[in-house]
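Listed below are the structures to be examined.
Note that chain A is present in both complexes that follow, paired respectively with chain B and with chain C.
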Partner chain A sequence: MDTKQLTPKMHGVEEKGPHRIDNDELYRRSTQYRYWSFDEEKIEDLRIKVNKRGQEIFNNRILKLDDEIIKKFLNNEKNFKNITVNEERLIIIYYARKCKDLSNFFKFKTQVRLTAISYLFKFYLIHSIMEYYPQQIMYTCLYLSAKSENNFIGINNFSKAIPKTTPESILKFEYLILDSMRFSLMCHHSIKPLYGFYLDIQNVLIKLDFNRLYKDYLLCRDLINESIFNDIQFLFTPPQIALASLYIIDDVVCMRYLMRKFGVKRKQMIIKMNQLKNNEKEDIKIKKDIIIKEEIKDSTNDIDNDDNIDDDDGGSSNDEKSKKEKKQTPIERYEKMIEIIKACAIKMKENINPTVEEAKIISLKAHFCLDPVKYFKKISRDVTPINVNTDNTDNNSVKRENTDDDINDDIKRIKVE
Partner chain B sequence: MSGIKNYSKSKKLGEGTYAIVYLGTQLSTKREVAIKEIKTEGFKDGLDMSAVREVKYLQELRHQNIIELIDVFSDTKQNLNLVLEVLPSDLEKVLRDKNIVIGGVDVKRWLLMILRGVYHCHRNGILHRDLKPNNLLMDKDGNLKIADFGLARSVDQPSEKLTSNVVTRWYRAPELLFGARLYTGAVDVWAIGTIFAEMMLRTPYLPGTDDANQLAVTIQALGTPTEEIWPGVSHLPLYNNLTVYPAPTRAELRRRFVAASEQALEALEGMLIMNPLERWTCEKVLKSGYFLEEPIP
Partner chain C sequence: MVELDWNNVPKDLCPVCKTDKYLSPEIQFKINPECYHKICDACVDRIFALGPSPCPYPNCDKILRRNKFKAQVFDDLNVEKECDIRRRVLSVYNKKEGDFQTGEMYDKYLEEIEDIVYKLLNRLDIEETEERLRQYSIENKQSIELNNARKEQEYEKFIKLQKLERLYKSERNRLNSEVIEEDKKLKSLSKIEVIDQLQNAASDKDPEIILESIRNSMMDKAKKYREQLQKLEEKYLRQKEAINKNLNPNDIKNKNKSKIPFTPFNGDRMIDLPFKFDPKNYKDPFNSKIVDDIQYKASGYKLNEFYERSLNDAFYGLECFISDEKMSI
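The block that comes next holds the complex of A and B.
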């Protein structure tokens, strides 16, 4: 479809008439791209900043305390270590997983769950858990997401189902979350492009066994649903994530499909697929290990070096020639795409699942940071000092504490249901 | 997003169920703006769904034929404020104002602008679901912009069930009148078709008095859909005991739309095809002969 066809010529009426926007450009206009796409360093940066600010807020809270006893008490707390960037991330992931359970409990559609978790992660790129505790924020994210994704539920019914909440306690964060997200509510998830690819592959790879494709599709869905807890939503576009899932589940189908789409010549395709076969044994090993920090460059080099088929070297030498040319050849475009997908696949496999114990410890520290006075009052009734740090898991002292019984509430409720 | 300090509200322009619209100024640029203050009082479930939708979709849609959302801020009372471009008129006002002479080129130009705006929505996977003349706002230069996304929604999955209770009655597509729960952007195209007719007639084309009457008026004007032209239609929830009217012939349409060219009638018919799967898309109308023949807008 080109511009001229689509929009008839304007004779002076609209000089600055619209030009055809391609699909990439369309995505670049989305808030997901404009506000929420980063590289890894940038995310790390944001989290460090957020953590620092959280730390400052906490320090100010401490400074404001004028009660001598509290100060004395705090002086005794030599074991208290600041909440780290990683701990913040862990507890957010912990509650993101809780969010998933809660969403399932309400029987919300997939979209609601995915969006809520996305909101939660976005919120904590702006705020620290030392400012707002993720449990409450998570509830509000889920409530807001249900609205945003057209799965509305009244606040009374919503709150009733969640222990220790009131409609007010949930609604009071609605504005804060909206504001923190700069009022960008739209989330593009990779489930949708995955479905698109699933349909398109049926058209492109006609000979492909449908049962295999359908099975792949279901496995990809599961994989995508599980990979929302890492940072890929900020690092890659939804179609990239969808393709990466397919690459993990069935690399042969993924590669064949992409080669066809990019118009890679049949001869080159056969060479590539043969290379893959030769590398299969190698691949199985890699898959078993799931090497997270596998270097992309190395793996692609391996494929090139292990090139045992000496039919003709046409493919690779052609590649090198055309690299000098400005316009990329189909095989170059294909390889660039595969490189991105591989990088995404590596990130996708990053599976972080904090244990309840880990969460409890961080939760304890967070509650201390959020409200030292309240925490102190509680603790002074108890003899246990705050001896909390993640390296030294002192379960007994933690268990005597009640600050984080909310964590257990959720678990109880979900078990009951 | 900047704060309230950058804006001043002067006079109240209007009030709807969930918002009050003020005329205001963006202080940093001295630009005149419309500020839509979303009411929060009386909404026990927090921010109203219409407001959620409006913010959500307008944030994503940047197009010359869609109202521009300049900024969003929350004021001291925690009210949500949408800062929008000022659009003093709307298509309904223009069509009703008998002092305004509307020529064939105006109609074509407006239709073109509506189609472009809606096409942009559809490309973004967003259905407007409430297209009607008073949601089509106009700036001083007569540029038409689509507004009011309070009923809009995105189509996530083709199998997802939606409510058929959308679109102001006179502009409601037959699949909605029959209570279909699965529908597409074709509902917006139908609405554009009826608006196109209204622009030519300067009076609503299918003014039903209630939901049942709307269906009667629609099939009287455009024929009763049968299984033959629309497979599956008889299984839709509200399809029963219909009087069978024939579809209008081209000659009949010609008599009704006196000034319309053959190409215009073809586009009109394309947008008002009963079967939503057969109905033209925005793209097809944009590419149709109507926009290639004189007068070129």
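The block that comes next holds the complex of A and C.
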């Protein structure tokens, strides 16, 4: 399916001169676009599908058990609720955050960390936590991303630093993860584009105060580092995410830059705004604010900027060429861009940070799904009824079972040693 | 006298006249492709002076002719034999790769040649193979002649090319050596000249101006030689190209080859970048420290490349609207 698009059109090309590939087309050929870009519904579908498959696997596991245990299980089943899609997502995010801590412990570069987390999310779009527990997968993802991002660490050193792991326990998932990701190891993160925009803004908005830009840039970086825990990496392209972060931090700079870049003239913009005023009153309120903000900024920061806008620099003249091809006016392109960035910004602000308690509850369920027998043996020894969600007595068993999850404690222990 | 073993003649001995290389170092051995028996030059002259005669080796009744004798090229007679057979077969089977429509057909043709050579060499079905060879040469008489003519032409051109190259190289060497000589002369001359001029005109001319004028004249001469060299090279290339063009005007395959070189993107990247690359004016508090750090420089790290990559990444998929484009799935 994908390869068809890639075949060269040799005969046509021969006459018209070499075929030129622009950046967007190039991105459409990347695995990130081909395999790992979805719209929102598709992601939701994938998650539901994965969850269903996880349930099936769990049910099959139960059926294979002895009769006695099944009876016991059936008794307790009323208390046990299935793991929901949302719970799955929460536990993955929980471990993604753990992954961040672990990566910081190893002093890996930002790229490695982001890639590892990205791998983890991608893996759980294919598999359920009822199949593979995220903790081990997370270790392997980190190890793998250190390799693929050119920051290699030996497996022995790696597993030595993490308690209760052996080189084998980490390596055994490696192929599985690679296979699930369809061997698409390249991750385009939005950190690089952000830096690119940071450079380009210096060139385009000459009058902008540098300190302001630098401060914005640092804030944007934090925002992007945080946003890896969202789904936006699947929903938007890296430059869009970078711009969205800039939009959240400093919308004036972002919009001004884009206007220049797309060659939108301010007068046109105002005319357009006026048109909109007549048509829809609700929309205007939002956009008006922006205009006001811009005008304030104009009067304060760059008064004689209007001249600059009229004689555009090289960047926008290039855009004008491609504009002709696409037959889109600059305003249309600009507005489309802003629309996307806004949508991305909204998604970006969605901050999910599951607490340890939430994670413990879910992880207990997951452990039960993965290994019912072990779980039942514990139950029968304790002779306490399982009531996962509420009971205090049960929390003890939860803790006992989950001590190995708490990497933070372990890391602290290592540091002390 | 020890009886000679005819089946195992010593390397440096003529079995007919028993002359040894040790005693007469100028001795030369010749063989005849009929039987590949080794006889010395003098014996060949003596025995075959009056026309065809039988081979002097016992049990070899082949009638040999003097004009078929030739010097032995390879030590190993088997190799010698194979070369002769090959030459004979190839003079008949003389098509070129360009004459075939597909590579497979050409491969088959080559296979056939090898087959024949092998059979002739190892004396398998000799009659049949000879018959086949004869048949082929009769059937393809015209094309064989044509190909032979072509081969000759090519050979001629090859010789021409070689001549041209030799000429060019000698000319170039001559010029180069002249340049070097001139340089040497100039240096010594200029020294004297400088001293002279400085002596004569010390009072009314600025010595620096004099020095500069001399330097200029030296430079001019050097420039002339360089220009000459360049012209020579251009001329050579032009001639070479002219000969080459004549060489294969009817080569079918070259014409069909696509002129577009391979590109990894199945097309070329945009020439106009979506940004203005201006590395001098970028400010970054962190990177400006790195620029002067030897550790980064040593490994070939270049900040400009990093800038360029970041900027490229910034526009890598800027206007891919995933939600719109992937909706249909």
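As a working rule, the second predicted complex is superposed on the first by the 303 of 417 C-alpha atoms of A that agree within 3 Å, B and C clash if a C-alpha of one lies under 4 Å from a C-alpha of the other, contacts with A are read in each partner's own complex, and residues count from 1 in each chain.
Here is the rule we use: a contact is a pair of C-beta atoms (placed from the backbone, for glycine too) under 8 Å apart; a residue touches a chain by one contact, two chains touch by 3 or more.
Every value quoted in this text rests on a predicted model; they were computed, and no experiment measured them.
Undergrad: In the superposed arrangement, which partner chain does A:48 touch: chain B (first), chain C (second), both, or neither?
TA: Neither partner.
Undergrad: Which of the two partners, first being chain B and second being chain C, lies in contact with A:242: first, second, both, or neither?
TA: Only chain C is touched by A:242; chain B is not.
Undergrad: Is A:167 touching anything from chain B or chain C once the two structures are fitted on A? First, second, both or neither.
TA: first
Undergrad: So, A:195: does it touch chain B (first), chain C (second), both, or neither?
TA: Both partners, chain B and chain C.
Undergrad: Taking the superposition as given, does A:270 touch the first partner, chain B, the second, chain C, both, or neither?
TA: neither
Undergrad: Determine, under the contact definition given at the top, whether A:336 touches first (chain B), second (chain C), both, or neither.
TA: Only chain C is touched by A:336; chain B is not.
Undergrad: Between chain C and chain B, which one touches more residues of chain A when both complexes sit on the common chain A?
TA: In the superposed model, C touches more residues of chain A.
Undergrad: If you stack the two complexes on chain A, which partner ends up touching A:373: first (chain B), second (chain C), both, or neither?
TA: neither
Undergrad: Output check: A:203 vs chain B and chain C. Expected answer is one of first, second, both, neither. What do you get?
TA: Only chain C is touched by A:203; chain B is not.
Undergrad: Quick check on the superposed pair: does A:26 touch chain B, chain C, both, or neither? Answer first, second, both or neither.
TA: both
Undergrad: Chain A residues touched by both chain B and chain C?
TA: 6-8, 10, 13, 18, 21, 26, 29-30, 192, 195
Undergrad: Provide the residue numbers of chain A that touch chain C in the complex, in ascending order.
TA: 6-8, 10, 13-14, 18-24, 26-30, 33, 37-40, 42, 188, 192-200, 202-203, 210, 214, 235-240, 242-243, 313-315, 318-319, 321, 333, 336-337, 340, 343
Undergrad: Give the list of chain B residues in touch with chain A in this complex.
TA: Touching chain A: residues 1, 44-47, 49, 52, 55-57, 59-60, 62-64, 72, 74, 78, 80, 109, 112, 116, 123-124, 153-154, 156-157, 160, 283, 286-287, 291-292, 296-297 of chain B.
Undergrad: Per the contact definition, I'd like the list of chain A residues that touch chain B in the complex.
TA: My answer: residues 1, 5-11, 13, 16, 18, 21, 26, 29-31, 109, 111, 143-144, 147-150, 152, 154-156, 167, 171, 174-175, 178-179, 182-186, 192, 195.
Undergrad: Across the complex, what residues on chain C touch chain A?
TA: 258-260, 263, 265-276, 278, 281-285, 307, 309-323, 325-327, 329
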